[in-house]
């Protein structure tokens, strides 16, 4: 007799017994030991039919191929730039990946990016030893100028972006700021200084309340109150 | 001789009042506080993060470093001189060994997870409070853990086997004493820390370890509740 | 950041001369100390503990007790702090806290004498950072005063301290030297820097002042020189902001 011991969306902690019985599949972040399935990290239980998995609520970013992240140049070498990725692993931006233009070897690389610059870059490769390559070739990859950068939990990035970018669109429309959310949990906001602050506060609110329902409606109301403007609201994500 | 009553009429199998809180140090990736009576520990986790010097790196997995430190004013008697003592170095080492069995650090080659344990006030049992706090902080940091770790000191005071010795019991002069810090993985009951100072018979030891396991199950409940409280509290802020 | 400062606001929305709130003081925080306090300045949290010890006085001042201030920038409080003996940052922090208390004569060293030339009280003040979100200087000095206010002398058994028995005698503070660190970025002066702001500080001046407006200690930091006019302006700010902090120390008992 299979029995779920936790409800869907419940907060569970490492080692918590989640399921008793053999006919449920232990999904990501859970493990089976004998008759039972246990939690392998702190997270939200997600039950889908006969599968249980956990959605992590915390933890630092680990680079993954195809992620678009915000990185910071911390060193320049003969072959390119070294980039901090807000994780345990730094990345290499090779000359060849430095941008759409050809950069000759031996060129003064500070002409392109200097130490301290923040870049929106794409992760192109991560080896098993976590050696990370990033690129600046591609649409929407560029050097950031002005604005402010702050960090959020990388686990909350999907909620901050929203379904098809709905949440970020809401923030942009309400405040007129440019907003970029890197998969690595760094966020860039640029616009009117007072509005930048509102965006930052709104994002930390999303971060705190990301596992609640009706988030889009709440954020619309919050932004209307803070900006004193009516916020256009398209389709809500309804979660 | 007979050991009759404990301070504050505590039962022989009863730990001092416990208190736990998660997320107490904002800058850390994970943090927690744990208290047995007048012994309290803060623990903060940073990482996975870069590890230098490079020769310390392990290319197959992340490493765990623990540091146990008593604040200079944390002891009833004289000021504790800052900087590691032989005692604190040994405790740091056994703490690391106590926590490592539940962690899976394969995802983080060449990196380090740092655990810092600080004690502002101590009255016996400080390594156990530190390990218990550290396990919560590791869970809060989102690390992959198959179980929590809970720790308590058990032992013998004269003719009695007792749980969670206080200072008066550690230094009891009316008969033989043994002090046995034990850390347990609560699900499996496996033991990850065992030390002993004093004189005890094998039969008494076996009984003491049984009591430690039972107490650690209770401690784990306190740990779980505190972890859930943090993520539930963030829900309530949103109302 | 500078473009924001031009408008008189900061990254977190504060005005230039505004401390973070809440500022809280929790005295008697750790019972193993003879006096202690945990103070918070926004998200910055510091624990200060006072241990009372006895020892021989210095030969050149046989009738005076002494104080010792230590500061530990605990690696638990900031990812950049490392284990090991105190670095120059921690030493400067301890010295600033020490100087404010010593030079203001907040503690009357004569009253710390037990037997002239033989035995005096040694007051050890230890600052431990719990969460460093900026401005440990002011939080530590503030916490040290709160912990001293909380300090009760233990009993003496002959020439030994009996830590288990406390007397009813509080340490008496003769003055409250309040430290305010005034920072400069570009042409702008501000107080209570956050971690982000601390990274960009050109110069800072820690101003310890007394109730009557006299100064009792100064410490300039940062790599940019200051003009005499700027120093004057910083001192005025320091004294003015200090009044608010002094009030908190006096009322929240």
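Labels A, B and C are assigned to the chains in the order they are written; within every chain, residues are numbered from 1.
Following the convention adopted for this analysis, a contact is a pair of C-beta atoms (placed from the backbone, for glycine too) under 8 Å apart; a residue touches a chain by one contact, two chains touch by 3 or more.
Predicted, not measured: the structure shown is a model, and the values here were computed from it.
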Between A-C and B-C, flag the pair that has more C-beta pairs in contact.
B-C
Could you name the chain whose Cα mean is nearest to the mean of all protein Cα atoms here?
B
Separation of the C-alpha centres, chain B versus chain C, in whole Å, is 32
Here the gap between chain A and chain C, centre to centre from mean Cα coordinates and rounded to Å, is 39
Residues of chain B whose C-beta touches two or more other chains:
49
List, in ascending order, every residue of chain A touching at least 2 other chains.
none
Residue numbers of chain A touching chain B in their complex, please.
11, 13-17, 29, 31, 33, 38, 40-42, 56-60, 62, 87-90, 128-130, 155, 205, 208-209, 211-212, 218
Chain B - residues contacting chain A, complex
29-30, 47-50, 59, 62, 102, 104, 107-112, 139-148, 185-187, 220, 223-224, 227-228, 231-232, 234-235, 237-238
Which of the residues in chain A come into contact with chain C in the complex?
148, 193-194, 197
Complex contacts: residues of chain B adjacent to chain C:
25-28, 31, 38, 42-44, 46, 49, 67, 69, 71-79, 82-84, 114, 116-118, 120-123
Under the stated contact criterion, what part of chain C meets chain A in this complex?
3-4, 7, 9, 11-13
